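Please go over the structures that come below.
Across the two complexes that follow, subunit A remains constant while its partner is subunit B and subsequently subunit C.
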Partner chain A sequence: MIAAVSTGPMLERVQPSYARSPSTSLFASASLFESAPWLNDALSQIHDLEKGGKNYPGIGDLTIPPETSATVRILLSQINLPLLPRPSFSSVSGGAIVMKFTAGERDAEFTVFPSGTVIVNLLEGGNLASDDELSPQDQGRVQNAVLWALGRL
Partner chain B sequence: MPKREHDETLPDDARLIRILVRDDWITNKGGRERAASFVFLDGRTHEVSCYLDSQEARASLRTKFPGMRVGVITVRAAKESGHIVARDEEGGDGIPGHVVLVQVQVKEESKDHIKRTRQLASTSSVEPL
Partner chain C sequence: MENSHRIADFENPPVVETVLGVFFSPLHGYGALHQGVFWHRVRTRYPRYELMSPIGELEVRLGPQGLQSFQGLQPFPIRSLLIDESNAQLVQLQANGFLRNWRKVPGVPGYIHYDVMRPSFERDWIEFLNFLGDERLASPEVFEAQVTYINQFVRGFEWETYDDFRRILTEWIPFHRSDIISNLKLMSFHEAYQLKDGSGRLELVAQPAIRQDGKEILQLTITAAGKPRSNSTEDLMAWLDSGHAAVVGTFVEATSQEAHKIWGRK
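Moving on, here comes the complex of A and B:
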C-alpha cells in the first residue's frame, strides 16, 4: 500500500511571508515603496538633482554621476520605516550628495561620494554627536542613524 | 591633478569668497547665516574653488552670477581646518584671483575630512555678491 503524502509538520514549519526578517531584495524595496510615502518623495528629489545638475566653470561641477545616485538609492532601500520626516538632498561640488533626515534638534546627515564612500554625521543642535564611515549595504547602521535622529534609539 | 602648494604670500586675514550657487548652500544657525557644512567640499577632485576677495573679482563674478551671494572665509580659517590655499589663475574661467582649497592634513573622503570641512564652513559668513 502506498503511504499518503504527509501534510503535517514539514509544511507547518514554513513561515508566512510577513514574518520574514527585513531583506534588501528588490522585492522588499518595491513593497516599501508602496507603504512609505516619504520614499516616493525622496526618489523624486534625487531625480530632480540628477536632471538639474550643472557644471559651473570656476566654481564646481554640480552634475550628479549615476554612481552617486545609485548609492543614495541603495541607502534609502535600507531604511525599512514607513513613516519618516521628509529627507532633504543637496548636491555638492564634484558629484557628491548630502542626504539629511531632521527631527527636532537632531539630524542624521549622509555624505555620499561618487566613489561609493558614505560618511554619516549625527548632529544634535548643530553639534556633532558622532560620525562614521559606513557601507551603503549595512542596513542596521543606516537605519539606526535615522532612528537616532528620530529619537527612537 | 597638479601638485598644489600653499601661497605663503597670502596674509592670514585675506578674505576668500565662494559663490553659493544653490539656495541650500546657505544655512541659518541661531539667526546667523553661513555656508552649509558641505560647501567647502568637492566629491571628486577634492579641490574647492574660491576667489581672493577684491572689487575686480566681485565685478566679474556678478556678471556671471547675478543676484547670487557668497560665503566668506579667511586664509587663517582655511589653514586652521587643515587646508592649503593654492593660486590657480587658469582655473578661474577668466575671473581674477582664483585659488583652490585643498585638504592636506587628513585622508580624503574620511570622517575627519568631513569634520574639517564642517569646521571651515562654521567660520563662514554670507554676503551679497
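Moving on, here comes the complex of A and C:
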C-alpha cells in the first residue's frame, strides 16, 4: 500500500466488523505486505529467480531448489520494517541465493543455501565488517543485520 | 455416510482450515480453571492442549495491584485449544466462545467435510452444555454462530503473478483495467455483505502472507456469521447449515471453472 503522506487531520481508524480470527494456523504478518512495498517486489524477484534458474554445463548450476527460496521467504518474513531500500537477489552455483540490502556504504548480504544454512556478511565500503551464521527464524538477528546496513545500529 | 450438505466436492481443495463456532454472552461464574475441568471430560478425544489469548476484544488494565480485571470477569483471559491425536481437529474454548476446527496438517491425509465435522461439533457442543449444567453454570446466551473456511492459494501452484487472479477468481471480484495502470502487483480486500435471507452477514477477506513453510500465499477467508433463532442446539445447527451453504456457495461462485479444474472438482 502506498504510504500516506497527507498532512491533514488523522482519520479515525475504522475497525472492520469482523475483527476476530478463529484460525489456529500461523503465518507471517499479513499486514506487513500492505505497509511494506519492498516485500512484494522482493517476493516477485525470488519467484523469477526460481522460475528462470538454469543449469549451464561447464559454468555452474543456477537452478534454485524450492528449499532455498522457501528459506529466503522465511528470512524476509522476519524483517518487520515497512520502509526499506529494495533488496537485490542473485543466484549462486549450487542452488544458493544471495540477498543484499544496500544503504550508502553499507551492505547486509545474506547467502542462503539449500541446506537451510544462512551466512550473513556485513560490509562497509566493500570491506567485510563481520560475518556470521544464523537461523532464518532468528528474527532479532535477521532484522538487526538490516538495521545495521541502514545505519540504525 | 450422509452427504446431503455437500454443495461442491474437490479432490484437492485449497481449504486449509474450517471452523464452526458459537459466541455467547460471557458466562457468569465461569473461570479459567473451568476450561481444565472441561478438558478432563473430553481428554480421551483431545489429549493435548495449548493456551492462547482469546479471540476478540482483550482489555487488560494495569492498576495499583498490577494486572486487574478483564471486563470484570477474569484477571487473565485465556483461550484453550484442546487438540486431538492427529493435531488436525480441535476445540477452542474461551469465556464467551466455543469453536471447533479442522486444519490441514502435513502428513495427515484428507479434508474433513462439513457432513463429517457437523456431528463432531454437535457432540462436543452438547458435551459442553452438559458440563455447564453439571457445574451449575447458566446456559449460554448465544449471540452469534459462525462458519469460516480458510483457503490458501500458493504461488507456483495456483498462480505465478497476481494477474493470474483475474482467471482464478470470477467477475464476482472486480478487477480494474485502464490505460493508466498495467499489471496487478498485490491484492488484499475485506468485503462484508448481508445474507439475502436476513440471517446474518458474509465476509470475504483476502490477504497475502508467507506461510511457516516459506510458501508465498494469498489467503482467502470466507465467513458467514449470524444469530440463530434461539439458544437451542437445534436452531444453532440449523444456522450452521445455512451458514455453511452460504460460505461454500460463495466460494464456488467467486472462483472460476478453470480453478475448479486445478482442484479436481467432482
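The definition used in the following text is that the second predicted complex is superposed on the first by the 125 of 153 C-alpha atoms of A that agree within 3 Å, B and C clash if a C-alpha of one lies under 4 Å from a C-alpha of the other, contacts with A are read in each partner's own complex, and residues count from 1 in each chain.
Basically, contacts are C-beta pairs under 8 Å (C-beta built on N, C-alpha and C of every residue); 3 or more make two chains touch, one makes a residue touch a chain.
Just so it is clear, the structure is predicted and the values come from calculations on it, not from any experiment.
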Touching partner for A:Ser44 - first (subunit B), second (subunit C), both, neither: second
Partner chain(s) touched by A:Leu76 [first = subunit B, second = subunit C, both, neither]: second
First, second, both or neither for A:Pro114, with subunit B first and subunit C second: first
Contact residues of subunit A, present in both the subunit B and the subunit C interface: none
Residues of subunit A that touch subunit B when the two form their complex: 56-62, 68, 88, 90-96, 98, 109, 111, 113-115, 117, 119, 121, 126, 128, 131-133
Subunit C residues touching subunit A - in the complex, by the definition given at the top: 16-17, 19, 21, 55-57, 81, 90, 92, 99, 101, 103, 146, 148, 150, 155-156, 160-161, 185-186, 188, 190, 192, 201, 203, 205, 207-217, 219, 221, 223, 225
Complex contacts: residues of subunit A adjacent to subunit C: 16-31, 33-34, 40, 43-44, 47, 50-51, 66, 69-74, 76-77
In the complex, subunit B residues that touch subunit A: 18-19, 21-22, 24-25, 29-30, 36-38, 41-46, 48-49, 64-65, 91-95, 98, 109-111, 113-115, 118
